[in-house]
Each structure stands twice: as structure tokens, then as C-alpha cells.
Amino acid sequence: MYGSSRVYKKVEVIGVAKESVEAAIQSAVSKAHKTLDKLSWFEVQEVRGHVGDDGMITEYQVVIKVAFELKG
Amino acid sequence: MYGSSRVYKKVEVIGVAKESVEAAIQSAVSKAHKTLDKLSWFEVQEVRGHVGDDGMITEYQVVIKVAFELKG
Amino acid sequence: MYGSSRVYKKVEVIGVAKESVEAAIQSAVSKAHKTLDKLSWFEVQEVRGHVGDDGMITEYQVVIKVAFELKG
Amino acid sequence: MYGSSRVYKKVEVIGVAKESVEAAIQSAVSKAHKTLDKLSWFEVQEVRGHVGDDGMITEYQVVIKVAFELKG
Amino acid sequence: MYGSSRVYKKVEVIGVAKESVEAAIQSAVSKAHKTLDKLSWFEVQEVRGHVGDDGMITEYQVVIKVAFELKG
Amino acid sequence: MYGSSRVYKKVEVIGVAKESVEAAIQSAVSKAHKTLDKLSWFEVQEVRGHVGDDGMITEYQVVIKVAFELKG
Amino acid sequence: MYGSSRVYKKVEVIGVAKESVEAAIQSAVSKAHKTLDKLSWFEVQEVRGHVGDDGMITEYQVVIKVAFELKG
Amino acid sequence: MYGSSRVYKKVEVIGVAKESVEAAIQSAVSKAHKTLDKLSWFEVQEVRGHVGDDGMITEYQVVIKVAFELKG
Amino acid sequence: MYGSSRVYKKVEVIGVAKESVEAAIQSAVSKAHKTLDKLSWFEVQEVRGHVGDDGMITEYQVVIKVAFELKG
Amino acid sequence: MYGSSRVYKKVEVIGVAKESVEAAIQSAVSKAHKTLDKLSWFEVQEVRGHVGDDGMITEYQVVIKVAFELKG
Amino acid sequence: MYGSSRVYKKVEVIGVAKESVEAAIQSAVSKAHKTLDKLSWFEVQEVRGHVGDDGMITEYQVVIKVAFELKG
Amino acid sequence: MYGSSRVYKKVEVIGVAKESVEAAIQSAVSKAHKTLDKLSWFEVQEVRGHVGDDGMITEYQVVIKVAFELKG
């Protein structure tokens, strides 16, 4: 594929999940894959999260950029 | 709301206004709210502006990221 | 034009070309111009590329942000 | 004062206000001044905000660092 | 809660754990929650770790900022 | 004007004002316009300020870059 | 050990693994430990990954710096 | 020359050219060389450009720092 | 010590000294060690200073982060 | 290839060429390809250059990172 | 002085000295003080240096910004 | 030398010394000069250090990049 002309677009999304950083990434990737376009790769920008009243992490919030080929 | 699975998208927009930095942000937020989706929050990236021939600021240009929930 | 209210949107795209950095930028600009909207300007974010088995650069990959006015 | 030995501490706080960026900064400065120590200066780190259902900015959230002299 | 005046403080802490990045974050969050104040959220700054003589990761060291409301 | 050859210079200045961030920017822009050259635009780099003994902001200090065309 | 003269070298490597961010780090650490030198610590620089046609993450790519003592 | 005491100044300029990034750099270097002082080196800070109504790049705008020795 | 669970806190302080950068760091470290807690390490963030009317440096101002273990 | 375990190493090199940014990149890539290992890709870090007494660019100096697979 | 309107300019200079980082800063400050204007403060941007054939540092090159009040 | 084709490599090393920042840099430069190659220049990346139980700095740890020409 290298050497052929092509154009990609990157979009910034934020996934949220209780279990882990990886689950939050997969959550954002799945939604973007379904609503935007067939994705090629992702890049993590920020990892954040919410803390409950008992001091336990209640969710991970991961900001990623996802990339897909611009067709047409 | 914390703890439930959800995905947000961030989009970069630039608002322009004569009066103030806040007016430029509101201008970008209003347009994005109308043409893109119901916004949740914004983050300022850059503040710039144009200067007239008399040395007075003629407009503020504020680059922001706006975020909204990806539904569906 | 300065002093009138208007809003721009920035989108991140990646152009690929064999010849040069400039060709990769033009490739991304042309595609974005056609599929997204009439562009006003671009800003280079990253320059990368692929290397073939013979040690020659086989393509330049240039990540840019393109900006266009949000109408409507 | 320059030339005399002294030590400062910086603390990161976030002020929230409806009216403006300046009001949010003053809000954080006032609280830190009262609960931490007599402040000398502040440095803005980030400007963010929340958007209501009608697309109007409902509050500015400004992250600042405040500095005060470490005595004793 | 949006729209009401309030002030948060951010503190930088480093959690250490053998198992995973998430365990190191939770470790720092738990300690800060107990010794500092009831936390609202965290932001990951850096992920580092130590390597044992056998080339296995012996611990993850995660630098985070934790935020809590400044009362009083 | 786009497409014609021209060269701009950027200079870093700091404006100070009691009232607001915007007043501090205008103060720096006005002085630079008078003592350096006819400015085209500005870019905000940092927003800082001084706090009085009563915990009130006594001045905003805004670091900006100003740009003007290099003639001759 | 602190206080004795010593010199470390840092090398940038990228580990790839299907399971998790931690597995990708361990993969890079193990290889660098075997082919370069006995490592002391690592620092994560970037987390990226590839997405399959079904929208599932097929691998994590983690860019890290590894450090080891320069002997001799 | 290394080892002798000397002082350099850096100035930020922006060159504009239709043909290429290199032409825009040379344009800024030439003007700065003529109007400021005999330059020693340059460092590219940003590459941007303008896009015409037909989607073609109409000019490259390259922000550089140029350095020259401060004599006298 | 590696492999055992522990949590550190980082605090930002600014030391001032006439003689050298090192003296300014030691000044901040000594004060923080006495008023905050027994420190483990420091990281330099910024080096600044004041200049007297005769063009001589009258003091170095060094911004550092100091780290100590969070016990209890 | 995605999904299989592999490790890459990145090395920072600087290429120098009279003609263009691309020629300077190719120069660094060719040398690294010959003396280090078979390269997979490159990432541009900085573009700098030297200016002659006549104000003409005498060479481009491009700092890049090159990446290759760590075998064995 | 705080609270009165004033404007400062920052200029980037590079000092070179054999002995130490501090000597290189003082060298740049002295020259800027003499040829530009009466300086108020400096901020270190980068510390670099040259190495001789015997592996000894032959000079420190320190990039600083110096600031002075814009009068008139 | 400017204008001739050549390639440099940069390597990241960390020097440690009790006395000063300069001694830590020289320590890293000397070791790299001996074990890697004849160095041309260095660039400071980070300055850190360790603090003893008595609050005195026990060592400076300076992360630098060293550069040397890639021959052959």
C-alpha cells in the first residue's frame, strides 16, 4: 500500500469505561467505527477518570484520536 | 451519570467577535451547537486577534475545542 | 472581512505523496476541499514517511489541519 | 526585595464563574487567599467551560497556579 | 451543579503498583483520598516503571493530578 | 493579498492593565503599534497577574506576540 | 547508590501486543533487555494501536524510553 | 570559533512564497538578512499556507527564527 | 524498595539565590524539607532571574518540583 | 503483520543537504539505513539551516527519528 | 509599581561562555543590557554546548529571553 | 564545513555528579565520548536531583542529548 496516494482523516473522541484504560479505548473505537467510518488506527491523547465518594475509580475517560481513510 | 458507558466527540472551531474573548467563545459555541450537535463543554486552545490601522483590536479570534456526546 | 462575525472549523487530515512534502500537503488539501468544504488555510502538524527496502523514501505522510468557514 | 533569599510555593486551583474568565480567576484567587495563604501572583493554565442545553455558556472554569511565599 | 460558584484544588501524586497502570492509579487515588480530601477526578501525567534484573517489570509508577473541591 | 511575496516580523510584548485581559492586550498592542510598527495581528502566549494584600487581582499581565510586515 | 558517579543511556523502543498496554510495554522491555543491556527503568512516551475491520483493537503499540547504565 | 565569548540574537520572521516551503524560508531569510543583520542560521517554527477557491495551495507561510551575532 | 506499594506527592516551589542556579535549588529544597516533609528528589521546571540597573544578575529564581513519600 | 508481536527501535539522526528539506531527510535515511539497520519509517523533529554571507541558505539540517525492527 | 500601566518587550539572545551556565547567561545579559536596553529579568530557554576533541566541554551556549520596559 | 553532506546521530544520556549541573553534564559527555564516539555538541533536556535525609542535595542528574557525526 505504501507509495499509493491516499488521504486519512483524524477525529478526536473520548471513551468511558469502568474496567480499564483499554476498555475505555475500545468503547470509543467501537462507537467511532460504527457512526463515523471504518477505522485504521488510534492514538491516545489523555487518560483521566472519575473518583467516587468511597475513593474508588468509578470510570476511566480516555481521549483518543482515531484515523480512517477519506474515500471518494 | 458517571459509571455509565458513553462516547464524546471533540471538534475544533474558531469564533470571532469584536467585543471580548468571551464573546468570541460564545459565537463559536452557538454556531457549533446549531450546526453540529448539542454541546457539553469547551476548551480554549488559542487566543489571537486582528489589529486595525489605528492600533485598536478589531476582533478576537479564539480557537476552542467543543465536545458533545456521540449517540446512536 | 475583519470585524464581521464568523466561525471556522478545523479538521485534521493526512496526505500522502511520493514526490515531496508539498505534494503530500496538496493531496490532503485537494481531498478535503472536495469532500468536506471549501478550505481557507492549512497548518502542518507532523511530517513523517515510509522507507523502502533499498533505503529510499517511498512516500511522505504529512499531518495537517485544514480550516473552512462554518456557514448556515 | 530582589537579592534577598526567599522561597515561594505554587498551588494549582480551578475557579468557576458564570460571568467571565476574569470572574473565574478572581473566584479561585479569593478562595486560595483565604484558605491557603496570602497570594503574590497567579498564572493561567487552561480556560474551559460548560455549555447549557440552549447553547449558552453556563460557566467558565479557569485552571490557574497561585504563588505565595513560604515563611517559617 | 454547573453554574454555581466553587473552587477546586489539584495536587500531584505518584502511585506505585506491581500489577498494572490502573492499580498504580488506584493506589495514588486511595492514599490521596484518605490523607488529603474527598477526590472528584484524576488526570494521568506520566507512566513510568522499574525493571528487575530478569527484565520483568517490577512496578508501574504513575504520576497523576487529583482534584477536590476547596471548601470553607 | 494572498499569493504576493511578503515578510512579517513577530515581537513578544507584555501588556499590563487593571481591568481585564482584553485591556492588557490592547495596552501592549497600542504601545507596540506606536513604538515598533503598524501591527497586523497578535497571538496570546500567557496570562498572569498580581494579587494584592486583600486577595483582589491588582493587574493582569498578558504576554503576546505582535506581527507586522517587514518593508523596505 | 546516590552520590556515586554513574552514567545512563536512554533508548527509544516500541512494543506491540494484542492483550493490553502493559503487555506491549513488557514486550519492548524484554527485547531491549535481551538485545541492548540490563535495563533500569522505562518511561511511556505514546500509546497507539491498530483497529481491525470489525472495529476491534488488534494490537497496542507503546512507544517507551528504556534506560540502562553505561559501563566501562 | 568555539571557546570565544560571543552573543547572538534570535528574531522571529514569517516568509511567504507560492512555490515551496524552501522558497518561503529563503524569502524570510533574504529580507531579514537585508533589513536586520547578517544571519548565521534559521530554525523553522511553523509551516502554514493559504488555499484558493479551486482547492490549490496559493502560498506557503513559514514561521522561522533567524539568528545573528550581536556586535558592538 | 522497588515492588512495594507506596505513594509520593510532588509540590512546586521556587528558590531564590544570588550565587548560582544550584544555590537557588538548594534554597528551595531546604525550605521545603523543613516546612513540608522529608524530600526524596527534585525536578527543575524553569530557570529565571532578575537583572540590576548595572546589568548584573542580582538573583536566580529556579522553579522546581520536590517529591516526598505520603505516609499514614 | 498487525497482531504479531514485534519490537522497533527509534534512533535520532540529522541529515544535511544543500538542495531541499527532502534531500536532507533522504541523506539521513540513507546513512542510517546503511550503518544502523533496514529502516521502516521516519518522523521529522526539526528543520534548521545555515545562511551564507550573501544571505542565501547554504544547507538544510533536518533532525529526524528513524525506526527499524529489533530482531533476534 | 503593580497596578500602573506599563509594557515590556522580550528579546531572545544566546550567551556563550567557557566556565559555566551562569557565566553564559551573564554574558548574554550584559550584551543585551548594553546594546538593547536596561533589562528587568531573564528566562532560560535552552542550555547547549560544544565538546572539544578531548571530550571536554569547550563552551556553554545558553538561550535566554530578556525583558525590558518599552518606554516612550 | 557548511554545505558539505554529512549525517549526525543524537544519543540521550544521563550524567550524575555531586558538585554541580556542569559536573553532571561533563560526566555524561566524558563517558559518551569514550564509549560511543567523538562528540560534537550536547543539549540539556532535564535537570533533576536526589535529596539526602538532611535536606541537602546529594547529586544532580542531568539528562542530555549528545551528537556525533555518523561516519562510514
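Each chain gets a letter, A, B, C, D, E, F, G, H, I, J, K and L, in the order it is written, and its residues are counted from 1.
Criterion: a contact is a pair of C-beta atoms (placed from the backbone, for glycine too) under 8 Å apart; a residue touches a chain by one contact, two chains touch by 3 or more.
Nothing here was measured: the structure is a model prediction, and the numbers come from that model.
Chains making contact with chain D as well as with chain L: I. If each chain is reduced to the centroid of its CA atoms, chain E and chain K end up 38 Å from each other.
We define each chain's centre as the mean of its Cα atoms; on that basis chain E and chain H are separated by 44 Å. Averaged C-alpha coordinates give centres for chain K and chain L that are 22 Å from one another.
Residue positions of chain L touching 2 or more other chains, listed in rising order: 11, 20-21, 50. Interface note: chains touch in the pairs A-B, A-C, A-E, A-G, B-C, B-D, B-F, C-H, C-J, D-E, D-F, D-I, E-G, E-I, F-H, F-K, G-J, G-L, H-J, H-K, I-K, I-L, J-L, K-L. Touching chain D in their complex are the following residues of chain F: 20-21, 46-51, 53, 55-57, 60.
Residues of chain F that touch chain K in their complex: 11-18, 27-28, 31-32, 34-35, 50, 52, 58-59, 63. Within the complex formed with chain G, the chain A residues making contact are 20-22, 25-26, 29-30, 33-34, 38-44, 66. The touching residues of chain H, when paired with chain K in their complex, are 2-11, 65, 67, 70, 72.
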